[in-house]
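The letters A, B, C, D, E, F, G and H name the chains in turn, as written, and every chain counts its residues from 1.
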Amino acid sequence: MALNVYLSGEIHTNWREEIIAGCDALGLDVAFASAVTDHAASDDCGVAILGSEESKFWHDHKGAKLNAIRTRKGLQEADVVVVRFGEQYKQWNAAFDAGMAAALGKSLIVMHGDDHQHALKEVDAAALAVTQTPQQVVEILRYVETGKLPDQ
Amino acid sequence: MALNVYLSGEIHTNWREEIIAGCDALGLDVAFASAVTDHAASDDCGVAILGSEESKFWHDHKGAKLNAIRTRKGLQEADVVVVRFGEQYKQWNAAFDAGMAAALGKSLIVMHGDDHQHALKEVDAAALAVTQTPQQVVEILRYVETGKLPDQ
Amino acid sequence: MALNVYLSGEIHTNWREEIIAGCDALGLDVAFASAVTDHAASDDCGVAILGSEESKFWHDHKGAKLNAIRTRKGLQEADVVVVRFGEQYKQWNAAFDAGMAAALGKSLIVMHGDDHQHALKEVDAAALAVTQTPQQVVEILRYVETGKLPDQ
Amino acid sequence: MALNVYLSGEIHTNWREEIIAGCDALGLDVAFASAVTDHAASDDCGVAILGSEESKFWHDHKGAKLNAIRTRKGLQEADVVVVRFGEQYKQWNAAFDAGMAAALGKSLIVMHGDDHQHALKEVDAAALAVTQTPQQVVEILRYVETGKLPDQ
Amino acid sequence: MALNVYLSGEIHTNWREEIIAGCDALGLDVAFASAVTDHAASDDCGVAILGSEESKFWHDHKGAKLNAIRTRKGLQEADVVVVRFGEQYKQWNAAFDAGMAAALGKSLIVMHGDDHQHALKEVDAAALAVTQTPQQVVEILRYVETGKLPDQ
Amino acid sequence: MALNVYLSGEIHTNWREEIIAGCDALGLDVAFASAVTDHAASDDCGVAILGSEESKFWHDHKGAKLNAIRTRKGLQEADVVVVRFGEQYKQWNAAFDAGMAAALGKSLIVMHGDDHQHALKEVDAAALAVTQTPQQVVEILRYVETGKLPDQ
Amino acid sequence: MALNVYLSGEIHTNWREEIIAGCDALGLDVAFASAVTDHAASDDCGVAILGSEESKFWHDHKGAKLNAIRTRKGLQEADVVVVRFGEQYKQWNAAFDAGMAAALGKSLIVMHGDDHQHALKEVDAAALAVTQTPQQVVEILRYVETGKLPDQ
Amino acid sequence: MALNVYLSGEIHTNWREEIIAGCDALGLDVAFASAVTDHAASDDCGVAILGSEESKFWHDHKGAKLNAIRTRKGLQEADVVVVRFGEQYKQWNAAFDAGMAAALGKSLIVMHGDDHQHALKEVDAAALAVTQTPQQVVEILRYVETGKLPDQ
């Protein structure tokens, strides 16, 4: 059972790499996708390609729309959407992706620390798993694909 | 053209009442829905009805699922979804609702101050209008329903 | 917020009447639907209208298909589907209705006693509420419609 | 005509292996999927990966949701869903899967003995074939793929 | 439980009137729709409104498309689609409507005599009831709406 | 058979009024919707409500998005979409609406003069009727609703 | 542009083989599917696999449902559905397939002689091409895939 | 992230070739599709394959329907739809394709010069990018697939 997994959310730690490496080490058949995680490129792609804007709003608007081409394809093709909320920042795009994933009927896995538990209760309630570490996500993907548990 | 409008997001100011009163004053044919905005009831509804939980996670989980019965019906029946992001708190449920609204093909109107502009660029990019005040939302609903502009 | 509620499952106790009476007493705006709960009519409707069958299989088959005209309309038009599992019998049609409700994206409320908890874990996992009594269902519908909790 | 077949239901006999071996022996182009059929792993996967729960309900809940990631993908990708009801247990998850398959428009094949005929009449009525043996399922898949009947 | 019923097929006998009168006599809450059953108007509507055609093919084509505006609305809004195959003519439009109804997930009731049984087996297999008389259709609609059988 | 009709396209002649008056004179049960047809309001609504823009592109962009709230609701709720192409201007929004109507499965009626026949062949090919005058549209709506032809 | 083509309808002439051979000769990238065209196997598959029936109706019913597993998969996966109506028989299953294809949004090509033109006008009106010979279907598939016309 | 891109619109310049060559030069994994761009073949395909028509309307109608087999498959399978509006002609089929793409939820990229900005504002408002040159489209596709900006 090959899986398409979309990794959304926080871009300041290497959680994506940990999940990908963990699945590789186990030989799982998982294809990963995610948004462009180069922060500067992601912020400026719109004006870099389509021309500059005086207003910050339209600068961001053009970029956000280009990024949407990629993120919506990633979400639509995913079997599983993993959304991580980090310690800092508003991360509204992560919650927005989670909402899209829920409405599209995707299997949603959320990752966050205890301190965000109450604020994320609506998102968690729509998820099939609430995790704290990349290793837990790896174990879930392993179980879904192979039926094996961590101690097996 | 009667409109169903779902009001999502911040619950600490009276923006919902302002929009509803503004539309009433103009005689518009708009039906409003929203989540339960009584913060305490919303937090505790799950355990109050279904029995207490020792863990805060499951306490919140049971409540968030009951609230989802109402919020998803409201979202699904809406023509227009207005999502307001206030000055404080993470408000991830607001962004989550916006993501669901976008995926369901609803007309999305976002309301927030300038200071949140960059953090909300992905949400704004999915919206048909980005507003700052309840009065702007009233004017949009008036225009959509009657074709009249503010100075008419 | 008017609600359409479909009541599925066990037909040997008066749980449907309790829910309906409870909502009426609170003045809630809820419209209820359910399968034909007259056991004999439900079993024999096919042959009574379309002619007798020698085989029990086809006797039941004709009846089950007529009943499906009603149950599927009820499910499709529902905002909320309540499925009750009683103490006795296999009640596979109840679980079948729950599966259809889940796949159709309906808000699912399950009702059953503790003894069935483990056997119903997959059904419970797809539900937005797991209840034990009709009164709990009434309180959920009250909360969803009015935002009021039991002690309010 | 390659087929994707999801095998749902009873896990105490080797009916899955019989169907798979039967199709292999005939050289059919069928890809099979199913839930994790290791009963212990299936029951405990949630707490094994995500941490223990004091309550049996939440223990089961976490596990059932992880299993749902796999079963829903299997159901959604299937052309044909085979659901077997064995002699024992409630097997509500089997009927739940059948309900999801019906609502998703999948071709449903049911397998059960005569003694369950009446209790399963609603499920049978939604099926394109009601079988009693794995060999019958093999013959159906052979016919669907090659047009050949058992005596050909 | 109010029902929308679309009556499709044979136009040379008064089966539609019999069903409608039968339901009226029982006080059922059923709304009926059907194609235009004035044969001459139905054949010529295209050229009568949009201008004549030299070719019979385009004459019929323009008319069939105008009729499709009505028939597709009727089919899409129906809960139940009744398709009657009479003794004469090819009646391919009746079978075409039945195919559309099946693909749209409508509850399909077929009506025909024994002599057409073999030729209609694929259509019958997609139906929830196969009837021979208008009275049987009335009794089905009565049962679906009220739960009452003919002798009650 | 009540009809919802969306009138899209050219705004420089009174074809909408002619259709509405024609249907009124016949007592037809048709509800009409259309975009805001006040050209100045339609062009400037975005900046009038949401604040001015230096760039003509964003000026128009904000307005076009507000207008989309109305036009998409009108299209989605329509049974029949009438799109008129006038003698002048590019009228790309008319063709855009026609494409949306086709993709949404709406019954499409196109209205244009002979001189645009070749340029509109793809749009006409997706339509159920190609008309030249408002009176023809009135006669189509009359026939669809009542089954009566012009000379009846 | 590889194409999936479903060939439905008349089984007494070799039109399927002509189309397949014609496309092969041109080197087109087309994958064909169709129902089981062995008339005896198609009629008896149900009882041959699932056990005999005394009633002809249920004999046919069981067979028609098994055949539906194959035909619905074929229809659902097709880009283009070709439905041929021969000179004889009622061929209601062909018209039923055409109705399903239309409702599923498939590109429909109909093939029949002039004598059936009037009786098939509703089916033709839903088609993107009305043909008379297998060679015309081959030429259409060639054009769709390569852009080449017969004389090129 | 492999992309399916449909190129719609103007056929008198070599913008399609420029985009394809630009993506090839960058080694991007993009599959392109488009309508038949041989103007004469596109205009005459209907009558060349299906027989001549006296009326220009039906001549065009038959051709437009054959072309629709190809264009709708191309649109439906696309992740990204690029629609170019050239300097001349009405190009209503381009706007029609854009409308279909928007309604199907495709990522829409529009290409046109400044002089068409006002007339295309509704189409632009539905797009995720508004471009002026093929090179900008190449850079967007590069960014979406690789995350690299022009200067990287």
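What we mean here is this: a contact is a pair of C-beta atoms (placed from the backbone, for glycine too) under 8 Å apart; a residue touches a chain by one contact, two chains touch by 3 or more.
Nothing here was measured: the structure is a model prediction, and the numbers come from that model.
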| item | value |
| --- | --- |
| Which of E-G and B-C has more C-beta pairs touching across its chains | E-G |
| Self-contact between copies chain F and chain H, residue sets same or different by half | same |
| Recurring contact interface, reference B-F, options E-G, F-H or B-C [over half identical by residue number] | B-C |
| Averaged-CA centre spacing for the pair chain D and chain A, given as whole angstrom | 31 |
| Centroid distance [mean C-alpha coordinates] between chain H and chain D, Å | 44 |
| Set of chain C residues in contact with two or more other chains | 65, 68, 130 |
| Residues on chain G engaged by chain D in the complex (per definition of touch) | 33, 36-38, 41, 44-45, 48-50, 62, 65-66, 68-70, 72-74 |
| Partner chain A, residues of chain H touching it in the complex | 1, 3, 79-80, 107, 128-131, 136, 139-140, 143-144, 147-152 |
| Residue ranges of chain G touching chain E (in the complex, touch as defined) | 56-57, 60-61, 63-65, 67-68, 71, 85, 89-104, 116-126, 130 |
